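Think of it as A, B, C and D in the order they're written, each chain with its own count starting at 1.
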Amino acid sequence: MRFLLIGDIIGRTGRNALKHFLPSVIEEYKIDFIVANAENSAGGFGITEKVYNQLIQLNIDVLTSGNHIFDKKDAFKLLEEKENLLRPANYPPEVVGKGYNIFEKNGKKIAVINLMGRVFMGIPLDCPFRKFDEIYEEIKDKVDYIIVDFHGEATSEKNAFGYYVDGKADIVFGTHSHVATADEKMLPNGTIYITDIGMTGAYHSVIGMKIKEPIEKFLTGINQKYEVSKDGFLFQALFVDLEKKEFKRIKKEQY
Amino acid sequence: MRFLLIGDIIGRTGRNALKHFLPSVIEEYKIDFIVANAENSAGGFGITEKVYNQLIQLNIDVLTSGNHIFDKKDAFKLLEEKENLLRPANYPPEVVGKGYNIFEKNGKKIAVINLMGRVFMGIPLDCPFRKFDEIYEEIKDKVDYIIVDFHGEATSEKNAFGYYVDGKADIVFGTHSHVATADEKMLPNGTIYITDIGMTGAYHSVIGMKIKEPIEKFLTGINQKYEVSKDGFLFQALFVDLEKKEFKRIKKEQY
Amino acid sequence: MRFLLIGDIIGRTGRNALKHFLPSVIEEYKIDFIVANAENSAGGFGITEKVYNQLIQLNIDVLTSGNHIFDKKDAFKLLEEKENLLRPANYPPEVVGKGYNIFEKNGKKIAVINLMGRVFMGIPLDCPFRKFDEIYEEIKDKVDYIIVDFHGEATSEKNAFGYYVDGKADIVFGTHSHVATADEKMLPNGTIYITDIGMTGAYHSVIGMKIKEPIEKFLTGINQKYEVSKDGFLFQALFVDLEKKEFKRIKKEQY
Amino acid sequence: MRFLLIGDIIGRTGRNALKHFLPSVIEEYKIDFIVANAENSAGGFGITEKVYNQLIQLNIDVLTSGNHIFDKKDAFKLLEEKENLLRPANYPPEVVGKGYNIFEKNGKKIAVINLMGRVFMGIPLDCPFRKFDEIYEEIKDKVDYIIVDFHGEATSEKNAFGYYVDGKADIVFGTHSHVATADEKMLPNGTIYITDIGMTGAYHSVIGMKIKEPIEKFLTGINQKYEVSKDGFLFQALFVDLEKKEFKRIKKEQY
């Protein structure tokens, strides 16, 4: 089974970068199953129904998310209706939507779990470590593969989570920082881990957005209206073959 | 002129990884000038005189630092005495030590500037963007090259800084996250940029430290005594040839 | 000279509480000069021209502010045009508006300085301690009285600031927490100090806002649309007579 | 039943202030039951066995705590052994100690619950709102009175909690800020609420500590060794008579 994991897709530029690069990557790597983080897919903040449909038509199997999932109100309806759109599982229980689900593909059962870190995230969530344990007990005998999108800021928390679930999850891929890390590796008990896959969006940008406004924000302390950068394409992903225990970080650029 | 930029060196394991890999890297890449971040070089927190001397003997030209520089009290004396040990320049003016300095090597004048980000860093510093401008006005006509270690957490702030100084600094390398990013690139006006070089330390670790205690901290909320991991070697650096405008991320592992 | 210092005025309810209580307080205490914080005066976030005019008609002499001052776009124009609307002085120098000004009343010259703390405020500002020093050098020989609105979250930072300027400022009154503190006192060198004056707004509320949405935010982690509570009136202020060195916290309620 | 609620006791000065003022307050108000927060009672950080014994001998019935409870290692043993020393109940379940307990006095059963806020506290805790609900279901039919020490920074979170448990808890008293708030009130459904009782410690101090070091910390960004101030006494408490639904903030000073 050959997986492709894609990080935060940033607005229209990110969707266009997907259209541009994804088909050939799927073919080249003979991808069976794709997970992508959609928290920034609509205008850089949140998701809409239209954008959801576009992403699904690009052959993405499961959409994960993070702190920006509720930025646009379509999310509430989508999270209720769509089986393959997830929000972090450690949002409190009453919050709309699912934090994990089990998918079938090529005769295999694949659990995708979405979790969010708590350090520097500013959102009062339940413990992602214990939430993993809880879900793991629930699903471990029912699935062939377990894949986790750990959406978080602090590298220490993401590292710690990777080792904590080493041997239980098959793949842990980090998202949220929008910058790919170069630390893809196999942990001692077999989990394939990367701290952050990085975004798919504009090549020249401040984490996907036009450069001027973030600089102005840092210079003045005054909130600015951010817009998605259109300056070049950057496509990033992690390829994993879970039978052969092979993995490779993929980066495609055009600028 | 051929530069090697090294991120946070984590304790004895990091120093041993340097001893193990650095000589051959210097030879292979014909390195002229080395900058390394020493904020975690002594036991994972701060620097001591003994460790300073060890690092200098490994042919490092300049040591930069960050939020952990004052963790061990030797730092106060070292920052006063040593011309090639820097602390972030945007600490307030009265704070002991230098935030930048000019070095001569092979007939060239090289300014190394150390700055620290403010997002999620918990330290009340002056504006790193304006501090760069101020130093730049001071030095721009006196030096051949300008190299910046931007020590920070938030990828947005580091991205924004890179574009802000694009065409003024020759190299901007990020430190502090202890995880290398895979986004080394040339910005539109010629600055060579990477969000984070990543640490040099133990291969299996939570950002350089033994795994058990950070996991315990995340599970309980109770502070733990962290120790430097000894589990394998990871050496990371950025090579830059500023004449040829060539650059390459280097990663050496042994585990 | 008899001063009245008023904290964050929260929306229409806060303005109505002012209309209701302020005239009789002015009369009872024979107030000469009023400073009030207007950062939440329009709908709970920011200020508009209409609201500015209302507040001035209520005989407030100077309006200070804080982190919410730029929430509504009228602020940019008002800060440029109005001599008696301040934003924190430790915003970077290029930011529109004044951080202090000198006012004349009853033949006396009164400097009002607005500063903002940096702990937990999430805005990258210049050092408020040094900014005070800088302004103090500028004005100390030109004015009869110096009054500081220190807008901040952390009690430690506000305490430290009070003692730092003790004997230089005549009055330091804290704002931002929206809850009055009971620690009004004279510091050893004569400065009248209070950590926070507290808001003027709705009696039953979560720091001025309707109760339901903040609870929902804390329970779910999802941002809510906050509205100004209308449940009762709370008027809070500090009265100071700087000749007699007398002061008294005032609290008027109706619910 | 007449209660006295005391906030953070800061080091030896705080204990001496208790010795000085508490006996006469007990007598004057005919106090039946005393709860005090001991998180800073030993040297300003944490608690020791010796200090625990001192506080109990002063007739305090229950000691609550907060983020500093684990600062000294005695806490681990004390939390295991002592029925009347609490740590916040929303620490994860495995953490040593109790978050609430039921006490008998004068034939009445009194539940004391200790909870901690999550905003700006930097500790990954479970939801204090839901933890209250869980404990409340457990105890509501077994006790006569429910008293909550909500240890937190953000006034919004403390306000929201108060209204959330209004009518379920009899008293909610906030701690942690070390500065008393002047907002003691009865909420619509009968809960007696105060955002923060404030510390018992030195009158002139930065939240209980000597003034010089905190100022130095804010000026330089470099950690300092804090010491408990000895400059005067400040004793603060909330008196509540739950039968008569009367309450009064008490403040005693000597400087």
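What we mean here is this: a residue touches a chain if its C-beta (ideal position, glycine included) is under 8 Å from a C-beta of that chain, and two chains touch if they have at least 3 such contacts.
Molecules present, by chain and UniProt name: A, B, C, D = TIGR00282 family metallophosphoesterase.
Fair warning: this is a prediction, and the values are worked out from it, not measured in the lab.
Asks: Tell me the fewest steps from subunit B to subunit D, where a step is a jump to a chain it touches.
Replies: When the steps are counted carefully, the minimum from subunit B to subunit D is 1.
Asks: More contacting C-beta pairs: A-B or A-D?
Replies: So, comparing the two chain pairs, more contacts are at A-B.
Asks: How many angstrom between the C-alpha centroids of subunit C and subunit A?
Replies: Once rounded, the distance between the two centres reads 43 Å.
Asks: Quick one: report the Å distance separating subunit A from subunit B, using the average Cα coordinate of each chain.
Replies: From the centre of subunit A to the centre of subunit B is 29 Å.
Asks: Could you grab the centroid distance between subunit A and subunit D? Build each centroid from C-alpha atoms only and quote it in angstrom.
Replies: 42
Asks: For subunit C, which residues are shared contacts with two or more other chains?
Replies: Within subunit C, the residues that touch at least two other chains are 92, 124, 127, 130, 218-219.
Asks: Can you check the complex and tell me which residues of subunit C touch subunit D?
Replies: Within the complex, subunit C contacts subunit D at residues 120, 127, 129-130, 153-157, 159-161, 163-164, 177-183, 187-188, 195-196, 198, 204-207, 211, 214-215, 218-219, 236, 249, 251.
Asks: Please give the residue numbers of subunit B that touch subunit D in the complex, ascending.
Replies: The contact residues of subunit B facing subunit D are 70, 91-92, 94-95, 123-125, 218-223.
Asks: Taking the complex as given, what residues does subunit D use to touch subunit A?
Replies: 92, 118-119, 124, 126-127, 130
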